[in-house]
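Okay, so chain A shows up in both of these, paired with chain B first and chain C after.
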Partner chain A sequence: MAKYILKRVLWLIVIVLAVSVVIFSLMFIIDGDPARSILSVNASQEDIDALRDKLGLNDPYWVQLVRFLKQTFLEFDIGTSYRTRKPVLTEIFERIGYTLTIASVSTFVATVLGIYLGVVAATNQYSWKDNTAIFLSLFCVSMPEFWFALMLVSIFALQLGWLPPLGIDSWKSYILPCISCLVGGTANIARQTRSSMLGEIRQDYITTAKAKGQTKEKIITRHALKNSLIPVITVIGSLFGTQLGGSVVVEQIFSIPGVGSYMMTAIGFRDYPAVRGGVLVIAICFSAVILLIDIVYVLVDPRFSERYNNQ
Partner chain B sequence: MADQNRDGFTLQYQAVSDKREIILQVKDLTVEYVTDDEVAKAVNHVSFELRSGSTLGLVGETGAGKTTIAKAVLGVLPDVSARICGGEILFNGSDLLELSEMEMQKIRGNQISMIFQDPMTALNPTMKIGDQIKEAIMLHEKLSHAEGEKRAVDMLEMVGIPGERYSDYPHQFSGGMKQRVVIAIALACKPQLLIADEPTTALDVTIQAQVLDMMMKLKMELGTSVIMITHDLGIIAETCDYVAVIYSGEVVECGTSEDIFDYASHPYTVGLFASLPSRSGKGERLKPIKGMMPDPADLPEGCPFAERCPCPEKQCFSTKPEYLHLSDTHIVKCCKRWERQ
Partner chain C sequence: MKTSIGNRRKKTNFSEILRRLSKNKLAMIGLVVIICLFLMAIFANLIIPYDYSKQDYSAVLQKPSREHLFGTDELGRDVFSRVVYGTRYSLRMGLLTVAVAAVLGTLLGSFAGFYGGAVDNILMRILDIFQSIPILVFAIILAAALGPGLNNAIIAMGVSTMPLYARLIRASIMQEEGNEYVEAAKAINASDMRILFRHVLPNAISPMIIHITMSIGYSILVASTLSFLGLGAQPPTPEWGAILSEGRNHMRDHGYLLFYPGMMIMISVLSFNLLGDGLRDALDPRLKGN
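Now for the complex of A and B:
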């Protein structure tokens, strides 16, 4: 197991390296000039050229790439933002708290709610409860996040005035963004739980548990649920991973100064170090979450431990 | 000696000399599986008795309704599709079909338990095997967790698995070992009645004998009555006092093992024995029973075996046969007036 984790950590390094090259190349290819963004529209061509030289932007692709990789992976320096002239890492750490809070809260609530709904649907297959759950989850999965977020703002913030429409002032400000983030996830988790639970409750070991004299509720909670969790954990993990990158749309709509909105601004400004730094942090977080999922698999299903050891 | 019984299912066929009390009496049991477009009659008016401490074999081919009978007795038929349409299952005198789910839960695993056909799937893959045994014990006995654990270890050792393997998971065991665990679960509360549903079918031959021997030894030790479901006549010969031959959801012949093995009378039973490979007839072709069992969703009007019978008569296709007493212990459901030779 330890060997497996070590192997995965080594892989993580490779992945992060690959992501860095890709994001560097993408930023190199796309149109736009950071020097012009920095100096404002009226700057003279000479000033712009001088700044480009200073930033090293006139060097060929390979030189820039190698310099970037060397700085990042050997000197562990992601760089300073062109726009704010502050170290990118400091800026990301200032903002990641908001993103982490929203991601954790919405993933947690989506997990609890989604699994509960999925279990209720599966154990009452074809009843009204099941049909309602299926319809609702289909609706929530298909519904665009931005539309739902705008609806929430218009109803609960603007019309009813219960909750603040934007910014982060108190815990109340987190409610609407979290709800917008968790609806789709809840629906996904519920659908996955339902289908995998339906597969499990037809298994022979369920009949064995019944033959022992176990009650229906305990058969579901002690036997079927744990076995149906593997695919659900995958969904939860990727949900959390995605949200760690900051739900860009939601952060924009609610003006939350999280990682997502930071990246959005950075891309618009052609703030190369900020974009690269942001993507790197997200890639590392995402890989870490995936590794965490793999470890959770073993806790849930002991057969995975053997599978890992044999690899 | 032959004596025709007109009312079909009120049978007093068992040995008058067998003074052991009747522990289980199934009367006129009928079970259907209902799907959207058809009704499959899986068990049709089945009656049999089991005396305390004895072993009854239910023998028949796949799909004859053996497992359905067993699941009906234990009350673990799938509630969505299966429907018990009639009959009584008297266990120690009380009708199990009348009991509430709560009351059944107290009986299941405690007084009646079951060993399932496929040990590979019968255990929960994500639960320690010791805990799976402990669960059965804790459900029916008021014990502390430590005591429950100790009892589970004892059960493991009783079925020949070292107690240290308590914390292992099913995937760390072979098929035969898993079946031992399943047996340990079934016997954990010393049930009065054990239903073994093809307990050795999924195991390879060398392990089969071991598992059967162990089951029979434990049965003797605990004084358990057993219903042994199998399609293997060898197992029946080795383990059973009484045999009921099931065909198309009906008991077509029933009697003591001697009755069935020495005086097989129903053409289906005769066919079953004839289809066994014999040791003397080297190189001879096997003699299978021709044809297929009728579709339970579309049962024939007359005798369900008429189509495959080697010597059918005209009436076999139109009227249901009734039970015929060949001796005090031996009955057969056939239109022909058989005599025991």
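Now for the complex of A and C:
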């Protein structure tokens, strides 16, 4: 077990390194000139060239790449934002809280709600409950997150005035962003739970449990759910990733000062260090959650740990 | 003789799947809506009452009425015409994205699955790297790097969703590989490429077909998101996401500017999902019934 975790953590480090190279290269081919964005539109060509030299943007690809990797991984410094002139890492630490709060709350609620709906649907197959759950979840996966967010703002913030439309002032400000993030995820988890639950319900061990007179509730919670959750667990990891990605959009709509909106502004400004930093942090959070979930997976599924220990 | 038997088997199998699919009401509704959407895209020019880009400053921000079914936007353009014409762009983005992703994914996945060992290891680790960035974030960065525009957004989305296809095809190729027909093909000294593309791949492709149908809807979603963020279709192109992005400024008093394009996105994604679900059930009857 320890060996498995160690192996995965080492692999995580390799991934982070590789992601940095990928992001750096993408920022290298991106069209546009940060020097021109920093200086005003009518800056002279000499000024622009001088600034490009100062930022090291005129160096060849390899020189810039090595310098970036050395800075990031040996000095733990992602650089200074071209736009705000502040260290990217400090700026991201100020903002990551919002992004992670929205992503984790919506992942958590989506998981709990989705599993509940999925179980209800599966245990009442073909009933009205099942049909409503299927139909609702189909609607929810088909809905553009940003459109749903806009509709929520338009109804609950602008028309009814119940919740703030923009920014983060109190816990109330989190309600609309989280709801718009979690609908799609809930629907996904519900669909997944339903289908894996339906697969389990037909297994022989359920018939055995029924035969020995076990109550329906206990058959569901103790036997069927436990086994059908295993494929669902793997979905939760990618759900968290979807929520991180979705938070980019939702932060834009609700003007939340998180990493996502930071990154989008940085892209517009050709602020390379800020974009790299944002993507890198998102990738690290995502990979860490996936790793965590894989470890939970191993702990939960005795078949897997058995196989691993035998190796 | 041999081919005729082969053909007959194939046909009965196919018609059986079609029969099962046609019994699924929801899937059929999805199919009908999809056909309508395609007709709408093809005959957009005949349907739209106004030119989608014609500005009319005497009719700015009008509420839906008989003349303008979905109202007019801030430049006095007819939203109904824009939304109908936008079907072309949104469908094109959805379909082409899936095509790019499916081709790339199938190539990568089949090589990985077929050769196994070091090739497989290297390719899969590369996919791991791609997948450690959330799909939407990766698509945004790629689209930004390539520069905004319809085609670049399609490439960006195709590349960022490609790992899903690659893993899927790899898994089903690995399952096929133990079969006797592969051994037989090897025994008659067929080349690797011939075995892979003529024998193994056609047998391993069916999970891919389900995934493709399900992914068209998802691709339309991501495409509209990219356009909404300003990285996909550029104004004045009437792509649905782009229309939403333009209408956003008037959200407070002119909600209809947002409602209709959003509904169109949802209806088209929903129909592809319904068809995809139906196709999955038809191809994999184990999941259906008691």
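Definition applied: the second predicted complex is superposed on the first by the 302 of 311 C-alpha atoms of A that agree within 3 Å, B and C clash if a C-alpha of one lies under 4 Å from a C-alpha of the other, contacts with A are read in each partner's own complex, and residues count from 1 in each chain.
Rule of thumb we're sticking to: a residue touches a chain if its C-beta (ideal position, glycine included) is under 8 Å from a C-beta of that chain, and two chains touch if they have at least 3 such contacts.
In this text, all values refer to a predicted model and were calculated from it rather than measured experimentally.
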Combined model on chain A: chain C and chain B, fit or clash: fit
Vertex chain A; arms to chain B and chain C (CA centroids, nearest 10 degrees): 80
Partner contacting more residues of chain A (chain B vs chain C): C
Which of chain B and chain C A:29 touches, first, second, both or neither: second
A:139 touches, of chain B and chain C: first, second, both or neither? second
Partner chain in contact with A:226 - chain B first, chain C second, else both or neither: first
Which of chain B and chain C A:215 touches, first, second, both or neither: first
First (chain B), second (chain C), both or neither touched by A:204: first
Lowest C-alpha to C-alpha distance for chain C against chain B (Å): 7
Overlapping contact positions on chain A, where the chain C interface meets the chain B interface: none
Contacting residues of chain B [partner chain A, same complex]: 71, 74, 76, 80, 104-110, 113-114, 116, 118, 121-127, 132, 135-136, 139-140, 169, 171, 182, 185-186
Chain C - residues contacting chain A, complex: 128-130, 132-137, 140-142, 144-147, 217, 221, 224-225, 228-229, 241, 244, 248, 251-252, 255, 258-259, 261-262, 265-266, 269-270, 273-274, 277, 287, 290
Of chain A, residues touching chain C in the complex: 11, 15-16, 18-19, 22-23, 26-27, 29-31, 138-139, 141-147, 150-151, 153-154, 158, 195, 198-199, 202, 241-242, 244-246, 248-249, 252, 263-264, 267, 275, 279, 282-283, 286-287, 290
Residues on chain A engaged by chain B in the complex (per definition of touch): 125, 203-205, 207-215, 222-223, 226-227, 300-303, 306
